[in-house]
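Each of the next two complexes has subunit A plus one other chain: subunit B in the first, subunit C in the second.
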Partner chain A sequence: MILTLSRRALLAGAAALALPMAVAADDAHPPLRMVTSFTINSMDPWTQGFWMQEFGQAELLMQFRDDGAHHPWLLEALDKPEPTRWVMTLRDGITFQNGKPVDAQAVLAAIEAAIANSASARGSVPEGAVFSVTGPLELSVTTPEPWPELPGVLADESVFLILDAEAVAEVGEDWAQLIGAGIYTGPYEVTALDETRMVAVAHEGYWQGKPALPGLTLAFVPDANARILALQNDEADIALYPPLAARPAVDATPGVHFNLGALATGGFTGFMNLQQGLLADATLRKAVLRATDFREIAEDVFRGGVAQATSLYAQNLPFALENYTTDLSEAAALLDEAGWVPGPDGIRRRDGQRLALTLAIYPQQPDLVPLSTAVQAQYARLGIEANVVSFDGINQALMEPSNRWDIAMVSSGAASWGRVQNFLNSYLLPGGRRNYGGYDNAEVNALVPELATEADPDRRRAILHRVQEILWEEDPFAFSYNIHLDRVIVNDRYACYPPGFALYHVSWLTAPCE
Partner chain B sequence: MLMRTRLPERTLILPPDGLVRKMMRHPSGGWGLALVVALAVVALFGPWLAPHPPNLPDYANALRGPGPGHWLGTDATGRDQLSRLLDGARRSLGGAVLVGVAITLIGMIMGILAALAGRWVDAALMRFVDVVMALPGLIVAFAVIGLLGPGYGNLLIALIAADWAYKARIARACAFEAVRSPAATVARQIGVPEWRVVLHHVLPPVFWPLLVLGTLGLGGQIAAISAFSFLGLGVQVPHAEWGAMLAESRFMFTIAPWLLIAPAACIFLSVLASNLLGEALRDLATPEGRS
Partner chain C sequence: MARALGLRLIQGVLAAFGASLLVWLMLPLAPGDPAEMILQARRVEEPTAAQIAELRERFGLDQPYWQRYLLWLAGVLQGDFGLSWRTGEPVWDGLMRRLPATLYLVGLSFVISVAWSLALALVAARWVGRWPDRLVLAYTRVLAALPSFVLALLLLQFVVVGLGVGLVLSGGAGATLVFAAAVLGIDRAAGWTQLLRAGLIEHLARGPADVARARGARPRRVLTVYALPAAMLPWLTALGISLGGLIGGAPILETIFTWPGIGAHVLTALSVRDVPVIQAFVLIAALAYVGASLLVDALALLMDPRMRAGAVR
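Coming up: the complex of A and B.
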């Protein structure tokens, strides 16, 4: 049996066994203990690899930061000498955790492997794009049309992780062999992964310097209450994805802290159903938007744990058009104009039909319970009855025509990693895989493809402003109820830990406060 | 004619004479009956007794402790806890009663039909019952909710689907004996119509055991409705239900324990009441008296 094991598998096993010793040997800080709600199912880099970027194992060529801009990361520079050609220059001296150099050839192999194996990567690359090596540390990509979103694509964790493609190809689909294989470039290397936790140890040869921690363990704990209790019982240092409902209790508990961070790139988004029910009427949709009290949602419902939505996009993004206002009298006038008049019970009626809407939420987001409760009360002020239905597996449920709903409340990112195209293509265009409500606006249908190849920043901003105007003023469909703030619960040791922006939870500098 | 006078009215499905009086004398029956009556009043008149609108948020008064104005405090959105408990009673208790009645009726019909028809109808119905009983009730309930979707109505259907087979099996056993009893046989021989035989000789021996079982099972139904609502599969927001109220407040135990204690106490009292009443009924229904 031993004879059939590869040298890599033996090394991986040895590394896993050596972990406690390695951890004990570093007396500066104990390893970081994190708990998260999601399980990393395997080392499959094409479907699970994005987690590795979040917890310090894998890295990307670019990084999206809270200034709303993309910055080179493994790249030293990203230049656009011609409208249809980008040049990527790699930093010198970077190696994979297994010691192999990260040169242009290795990066090209990683990109090609991603395009071959990952649907997300394939979907992000425009047709006709050609990647080529133009120097030892230089690659170029040429496209038939300008590709303005390339910086965002290179910063998106689900597209091009930089990995040792040769080592990945060698294991076939026996992903467990990648444990300890050092296929990524990040500060921490995976040494164990099972259904309950992932363990990683510091990669001493990390290109920016020695990581601050000897390692980390990431436990998979789906229940939010259990994650909070893990912190209170000193079984974890950082708990990810805490529900905002837990904030008052956490704030009142000594030794644990509810840390809020920067504006995220998304929030709870409302999608209206134009295919069935009353919201086919644009006037009613406009009234619903104006009846939504965005201030109350941010300040009263979530007690400042989210930012007030003033636009479809987060306020720090340069293309956000801050056009949201709450105006009950305008909303009432719109409903009057559409023939909806208050009935004896306060609910409006037209031709005997009650103005009743169904809000769709899902159990995986417990914060949708207080949000939907608040929205029901807000709409009731205007004479709109709102009932709530909870769907398990919201994306499938909303695309299923037999399910009745009028407004879906979904946590989504309108500009994840600074990329706007994905959201617009998927959610707003006819045939988009998440166009839940059957939105089909001729002008939006023309603007979105134009944006995909428009390189001029001013014109891009103008297009995005126009889309936001249409979505508020003329033909409403998707809107933000709030903008999320990154958030975590931490113990005293990590009281100064800032929640990771754009899901970068662990960097080489992550360390206890002292 | 003679037989007509010999068919006593007490064999119909009517409370035996002095049942309430006997119940009050029973060590646990009195308490059970008193609790059930009190809970029934709350369930029936809860919405009218509620001092505040149960679903209306009042953020300025969020997480207030028990005191004047809000005798059981307020929740994280400022809703009055007492009003929500009163409003939620009809869903927690009413739903359990509805499920109990439905499974008793279904079980009774299936059981009596099998016993009366006999042969292949009996065999087919009982094999079907065996198949359903072979599946754990919890799995059946989850499967039905998965099929129909979450919601209070669907939850009740799921609980009925999960629990009727056991009652059918009991009903068939009781009915099988009753259909072939000497009294039923004699009644048929003298020309009493079959429906009267069923009404007077089959139904009573089936009904009373099922009533006792149903009452004893009521606590389980209350707990099941609460548990499924706790998981988000039952009552949907913003409506109150005791299990759902526990779920909504589970993060608040350290700072607002009243939000969990009150609905938990209501669930406990309801289960206790149904168990006490069920035990008393069982004792009174047993021929030898208390067993």
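Coming up: the complex of A and C.
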């Protein structure tokens, strides 16, 4: 036993994979029972495959970890010998669960199959990119322009899952045949999948070592209350996606625990409307930012269930600044400077016009109700009236010019899987699909395209710092009200389980607490 | 009678397709871009314009709305309900795989609600104005005001978790079917009880009941033999009409009880505007409603000769 544990600990250290884990344990553990809100509809790897890396079935070439960096996973190394060429070196000795070797040819086949079948993969690869095998365990990719986001692309669960492309092609679209076919490389192999649950068993030949559990069951339970009740009734060990509102009740219930994890890569983001209303004035936008009490939102409104925003990005990301400060005096001075003076009812006025803003929220995010209420109170302290309006289908509603709003509160990921480019392109550039407020800053417009092909890490960091400075100091538009924290509800057996960072819920080391 | 039923059948099929047309016409008013929502359901959080365009082309989302409806209708008439935008699976396969579980749930809840409302209404009418009647009235008022999902959560919290009876996660287990059907049935029975009670009280005060009592019939016989058959006709009609409500209410309860019926499938389809699945469900629900109405009509024709004569004329 001691020998097994030591070997495992050594392997874990060597692999340095900071997956969600409890203490590795012996073979006597029962299978893990998880409940999640989403249903895995089929074994179709191109539309449903992303779930498989979240629960220990599939793996990726790279992994995004809570230090905000990308680390090799199935790769041993990812190098960039030239600005337009990356070299990927695979670990030796990895096999698919069906026993076939994971060599460069197999990985190339998986990448090509993904590009042919997955809209997400196609959308992530720049035009002119060529993947090729350059050795038994080596691939290279060349691009016309530098492709700095490749590590993030390889770590994104919806892009390149490493699978046995030959076995997948053989089943056509009869995806059920992939159950038990061992097409992935992860520690747990799917043995059953239906409308209610997925069952997976340990893959004994797993490349990092023997999985800590004999298997796991993942039940699909859309109702959040039912997921919590399943834990209380000892039918599940871990419940994913609990609402923050459930935390007080869970904390008061013996035998269950509301666990918070690492910083997520997004949060509730505020977007200001520059095309209609008062926020066309940059001074007013700056005042609004300084009137926002980020500490109060995190600690008092959500009682620590979210993290305090200190910049647009989560603090664990290497390019995040710490430039958010709440300063009511400065905010008041900015409003005075802009000509907004307090009226008899405390609301500021200019030329007879009340300083009234409309906050846009949407019903799919119930946590926006307490957030918007708190923000109303915060702005009122400065003499800004804030009214709340709720739009169903927020993305479309905010792009519709006839809808009146000043600040939209939207849950978004500014750096999902460590990839920043999509957010910047989509939300900040003129013509971006989600440039809700018509933002058009000449410097940002130049910096964002430069970032897309900038390979030098120092220059990339400088660009991202500058964008954050512009958004706070000079030309505010998008800002974080908070940063989300990963969260789960667990029973006593898994009381030490930390919520999976970047949706990696199960690793080969996940086990009950000792 | 056959002609009358035939006419009702034609009306029913037209009503079902009318419902599908209505839903199709309303869907463009629903906010959110289906292509974007489907991609997000596939974990493509920030889809590119090219990805959205590709999905639109694949599912014909670029075609005019009326054209898409006609294509869908032509497919349905040939038994092809198209592919789910979300999963890519044939819609019919997805629904048929889950339909039996929903039919078990709806069928059992219907039996429970009929038996429960009949029993409560007879008790209330037998002792009208006295404490059993007042108790039934109070009970039905509370139940009528209580949403079924609240009842379901209370049952799970206090019976399943509290008393340790049954399981929260059904996985298709029979015990959960009984719980879910009981909640759905008991919730629906409240209104039916009030309707039948009112009918029974009305017919207990009419001539035939008076004559029976004058001839020495016992109160129970007067109630069950003279008042009940006459009071049942409007109650049966209400049952038929409410069957659609049972099917409509099933998704929420299936979700809470993790019953593997159509419920969660349809709710997910609604959340991502998976129109082919929504349309097929609406058609099935409408046809079920029409089928139940036809059954009630047939029963009414059998029970009341005056309706048969009217139909022939």
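Throughout what follows, the second predicted complex is superposed on the first by the 475 of 514 C-alpha atoms of A that agree within 3 Å, B and C clash if a C-alpha of one lies under 4 Å from a C-alpha of the other, contacts with A are read in each partner's own complex, and residues count from 1 in each chain.
We take it that a residue touches a chain if its C-beta (ideal position, glycine included) is under 8 Å from a C-beta of that chain, and two chains touch if they have at least 3 such contacts.
Just so it is clear, the structure is predicted and the values come from calculations on it, not from any experiment.
Applying the stated contact rule after C-alpha superposition, one finds that A:T196 touches subunit C and leaves subunit B untouched.
Legend: residue contacts after superposition of the two complexes on their common chain; A:Q276 is shown touching neither subunit B nor subunit C. In the overlay built on the shared chain, the residue A:S507 is in contact with neither subunit B nor subunit C.
Ranking subunit B and subunit C by residues of subunit A touched puts C first.
In the superposed model, A:Q105 lies in contact with neither subunit B nor subunit C. By the touch criterion stated above, A:T453 is placed in contact with neither subunit B nor subunit C.
In the superposition on chain A, contact of A:F391 is made with both subunit B and subunit C.
By the touch criterion stated above, A:N225 is placed in contact with subunit B and with subunit C alike.
Judged by the document's definition of touching, subunit A residues 225, 391-392 lie at the interface with subunit B and also at the interface with subunit C.
Subunit A makes touch with subunit C in their complex at residues 35, 39, 41-42, 44, 47-48, 50, 119-120, 122-123, 157-158, 173, 194-197, 219-223, 225-226, 229-230, 232-233, 235-236, 391-393, 395-397, 413, 416, 422-423, 426, 433-434. By the touch criterion stated above, subunit C contacts subunit A in their complex at residues 30-33, 36, 39, 42-51, 54-55, 86-89, 97-98, 153, 156-157, 160-161, 164, 167-172, 255-258, 260, 264-265, 267-268. If you check the complex, the residues on subunit B that touch subunit A are 55-57, 59, 63, 76-77, 146, 149-151, 231-232, 236-238, 248, 250-256.
Against subunit B, the residues of subunit A that register as touching in their complex are 224-225, 228, 243, 245-246, 248-249, 252-253, 296, 300-301, 361, 363, 369-370, 372-374, 376-377, 387-392, 403.
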